[in-house]
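Before any comments, here is the structure.
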Amino acid sequence: MATASVDTLYGQRNYPYNCWWVAAYADEVGRMPLARWLLDTPVVLYRTEEGAVVALEDRCPHRQAPLSIGKLRGDAIECGYHGFQFGPSGRCVHVPSMSSPPPIGVEAYPVREIGPLVWIYLGDQSRLDDVPPPPELAWMLDPGFEIRKGRIEIAANYLLLKENVLDLTHFGYVHAATFQITDWVDAPKVAKDGNTVTYRQEFIRTPLIPGMAIPLGLEPGALWNRINSGSLLSPAAQEGRSDFCNPDRSEPPAGRVRFAHLTTPIDQKNMHYFYVFGRDFAREEAAMDMFEKMVIEGFKEDEFVLEQVQSIMSRKPRRGSQGERSVKADAAGIEARRIIEGWMARETITD
Amino acid sequence: MATASVDTLYGQRNYPYNCWWVAAYADEVGRMPLARWLLDTPVVLYRTEEGAVVALEDRCPHRQAPLSIGKLRGDAIECGYHGFQFGPSGRCVHVPSMSSPPPIGVEAYPVREIGPLVWIYLGDQSRLDDVPPPPELAWMLDPGFEIRKGRIEIAANYLLLKENVLDLTHFGYVHAATFQITDWVDAPKVAKDGNTVTYRQEFIRTPLIPGMAIPLGLEPGALWNRINSGSLLSPAAQEGRSDFCNPDRSEPPAGRVRFAHLTTPIDQKNMHYFYVFGRDFAREEAAMDMFEKMVIEGFKEDEFVLEQVQSIMSRKPRRGSQGERSVKADAAGIEARRIIEGWMARETITD
Amino acid sequence: MATASVDTLYGQRNYPYNCWWVAAYADEVGRMPLARWLLDTPVVLYRTEEGAVVALEDRCPHRQAPLSIGKLRGDAIECGYHGFQFGPSGRCVHVPSMSSPPPIGVEAYPVREIGPLVWIYLGDQSRLDDVPPPPELAWMLDPGFEIRKGRIEIAANYLLLKENVLDLTHFGYVHAATFQITDWVDAPKVAKDGNTVTYRQEFIRTPLIPGMAIPLGLEPGALWNRINSGSLLSPAAQEGRSDFCNPDRSEPPAGRVRFAHLTTPIDQKNMHYFYVFGRDFAREEAAMDMFEKMVIEGFKEDEFVLEQVQSIMSRKPRRGSQGERSVKADAAGIEARRIIEGWMARETITD
C-alpha cells in the first residue's frame, strides 16, 4: 500500500493554521484569564462582562509579558507588568503613563462557542470565509445524550492520535485489559467522501462484554450487533460512533455511543487532547461514572503508547531507520494523511 | 519613539566582556573553592592564606575537570581528578607524577574587592586600562547606612532586569500588593550623561505608605516629598535612590534609601542578580528585617515576570510576532540599550 | 607529548559500530522484553523458549512503537500497539488483520553469551568476520574467582571512562577516602601490542592498606609487593589486574584481583558502565560484600568526576578554551585514543 512518508509528516509543521481548532471547553473560560499555547502561539482566553469569549495573542507588544498574568478590567485585559490594557479587538485602550493609548495592539482571534466547545481560528483572516466551519457534532447538543469530557496534554504530534483512533485494531493490544474488546481484528471498510474519511466495522451477533451489556440491561455475553464507524471531520476533529442493535429487530439502535477526539497541536511534538463522549442510554450518574473511569484508563494507555512513539521519532535513532510499513488496517489513517496534506496545500501562511 | 530591536539585543551575546562585573559577595569567598559561571565562563573563586581573592578559569587544562571540586593547598588550588595544582597566577605549580610542573596553566582573572562586593574582569586584558573601573557605590561603604544583600539566579537575560529597574511604572502592577506604591504612573524625566542614563521622579506632598512612613516615625499617609532617581552606571550596575524630605523644611533628606541592582550574565538566558540595599534611618535589626522581607517579596515578583518574558522570547512563537512597541516610560531603558550597544561596539573579543 | 584533540574525539561519534559491545548481563535477559539504547540504537533483548538470547531493533516498522512495551508470544515478540509479531530473525511472522504476514521486519543483531555477559554486534554485518571477537576475560569463567558485578549509567562519553581507568594517578585524589591508595603517584610503564595498550606499575615492599591486607590475612601495613597492570582490550573492554605477592618468596601471587570495565555508549554523551570484578581469595560472602561496598563507593566517585567533565565539555564555555594538555601519566590513555581512532578508520557505516 502506498504510504505518505512519516518523515515528511513529522519533520516540519504538519498542522494547518487555516482551520478551526478547539481552544478550550466553554466552562474553562471565564473572568480569569486562561493561558494556552495553541499551534505554537501563546493565546489568552477570557469572557467579556456580557459573556462573550475573547481570544488574544498572549504577549504584550510592549515588553513581551504574557497578558494572562494580568487582570481583567471590564472587557479589557491589563498586562501584569506595566498595566497596558487591550480590548476584545486586541487594540490597546490604555497605557497608564499616557493620556491616550498609542496605536498598538495584539492579534485577536475569531472564536465560536458551540455547546461545550470553544473553537478558535488562528489562520489567515483573509481566508476565513473559505475555511470550513467547525464540524457539526450534533449529539453534543442533543439532550438525549449524557456527555462527559476531559483534556490531557500528550507529548506527541497530534497526527499520531488521529491515526490511533482511525485504526482500532489496537484495541486488543493497548486496551486488552481496560476495554476488553478483543474481536476488532480485521481491517474495517474505508470510504472517502470529499475531505472526510470514514471507516465502518460491523460485529454481527457478537457477544457483548460486561461493560457494554450491563448498561444496556443485558446479560454479559449476549449476542447483539455492534455497528462501529468513525470519521475524520477535519484536522481538528474525529468522531467515533458505536451503535448497539438487537439482532432480532429492525428498529433503531437500542443504544448509541459517541466519541469526539479533538486534538489541537501545542507544537510539533505536543498536543492538547480534548475528548468528549456520551451515550443515549444508562445516563444515570453512577453508570456514567463507571463509563468515564473506563474511558480515562483507556486514554491513558493511548497516551503512553503515543508518547513512546513520539519519543522514538524525536530521538532519531542513528541506525536501523527503515521508514514505516503500512498495512490494510491503516487505510483510514493513510487517507487522513492525504486529506491533511490537502489542507496543508491550501495554507496561505508560511512559517 | 525609536526602539532598538529586541531581536538584535537578545539574539546573540548582548553583554560585554570588557567590563567589570560582580562575581560574588566578599563574604562568599574564602578557603573553600566557590564555583560560579560568569559570562558563560566557568570561574572558581577562593582566597589565599593572606586573604587575597583569586579568580581562575574553573577547568583543568589537563582533562577538563572543574578545579572547584578540588581542594586548596596553601595558595594553590589542587584539581580533584589528578592532583594538578595551580597558583593564583593560574600557572601550574605541581603535577604529582612529574618532578617539575609543565608550562601549562589556566586563565587568571583580575578581581577587585570593594566593600561587600568582589568584581571580576573577564575581558581582554590588554584593554584593562581603558575600561572604566567598577562604579562607585559610596553608600555601601558609609557607616551611616545599614545594608542588606542577596543573590538570586533568574532565568532571563540580564538586560531584562536593567529595563525593569529603569521603568518603575511597573510598581503598580507587579508590586501592587507588596510595595503598595501605586502613584508611580507618569514617565519620569530622563537625562543622559556620557555613559550614564538617569531618571528622576519627584512626588511632592504625597501620602506615604505605611512601609515608608513608619520607619520615618510618621503617621501613614503623611504628606511628604519623595525624590526618586536611578542611574545605569555600567552594564553591570544600576543604582536606585529614594530620598524622603519634609516638605516644610529645606534641610537635607530625613531619610535616604539606596538600591544597587548588580546583574551578571550566567549566559544569554540566565543571570545572577546581586542586590544590595540600605538606608540611613530605621537601622535597627527588627526594622531592617521588615524592610528586607518586603524587598525579597518584591524581587520574587520581578523574577516571576522576567522569567515569563524570557520564556516567551526563548520559545519563539511562530505567529503574531510584532517586534516590540516602546512608549515614553521606556525612555531610560532605551537609552540604557544604546549605552550598552556602545560598550558592545568597543568589544575586542569575538565569540 | 603529542595529543589527540579532545575536540575531535568528542565533537562527533567516537565509538565504532563494527565492534562487539556488552548489551546486558546474561541474568538480565529472560522472558520479559528488556529495552536498552546501545550506540544510539533502540534494542530489545529477550530469550527464546529454549533460552537463546535474541536482540532486535526496538522499533516496530509499522508505526514506530517500541516492541519492548509488548509481550513475548513463543519465540516471537508482539508489538504492544497493533499486535504485529516478529521472530528471532527480525522477520514479521504475524499481523492480526492479515492472513499472511507482509515482507517487513526489524533488524536482528548478532549476540554472544559468554559467562555473565551478553555481547552484541550492531555493526556492518558484511564485516562481522573481520571484526575481532569479544575479548577473552578468562577469570570471569574461572571457578577459582568469586565475582560481583553492576551497571551504572553515566552521563559522559564512554571514552572518558577509558581514560579514567588507564591513568590511576587519580586514586590519590578521587578515591583518597575510599580506596586509600595514595602511593600511585608515578606514571606507569606503557606498552602497546597491536590493538592493545597495557600499563604496568609495580609497588615493591610497600605497606598494604587495611582493605588489601585483611582479606589476605595480613596485618595492615605489611610490606608486600603489588603488581598492577591494565589493558585496553577493545573500545568496549578494559581489564585491570592486581597481584599481591609475598616479597620473600618466588611463588605465584598469593592473591589476584581482576576488574573488567565494560562501557557501551548510549549516545555521544552517555554510557552504560558494566563493571565486573573478582578475586581468588577471601571469597566468602561477607568479605566480598565489604569489597563490593568499597568498589561501589569508588565508582560513584568516578561517576561524579566524569559527569562534571562531560558537563563542562557539553556546555562549551565561550571563553578560556585551551584544548587540553597531556602529561606522561596520560601515555596509556593517549595510546587508547590512537587505537580507537584506528577502529574508527575501519568503520564501514557512516552516520
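Should a chain be cited, it is by its letter among A, B and C, assigned in written order, with residues numbered from 1 in that chain.
Here is the rule we use: a contact is a pair of C-beta atoms (placed from the backbone, for glycine too) under 8 Å apart; a residue touches a chain by one contact, two chains touch by 3 or more.
Everything numeric here is computed off the predicted structure, so don't read it as measured data.
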Category of the chain touch graph - line, ring, star, complete, other: complete
Homomeric contact chain A-chain C: same or different residue positions, threshold half: different
Rotation angle superposing chain B onto its copy chain C by C-alpha atoms, nearest 5 degrees: 120
Rounded Å distance between chain A and chain C, as computed from the means of their C-alpha atoms: 47
Multi-chain contact residues (two or more partners), chain C: none
Residue ranges of chain A touching chain B (in the complex, touch as defined): 13, 17, 39-42, 57, 59, 61-66, 69-70, 78-83, 95-98, 102, 104, 106-107, 122, 349, 351
Chain A - residues contacting chain C, complex: 6, 163, 167, 169-170, 172-174, 185-187, 304-305, 308-309, 312-313, 315, 317-320, 322-330
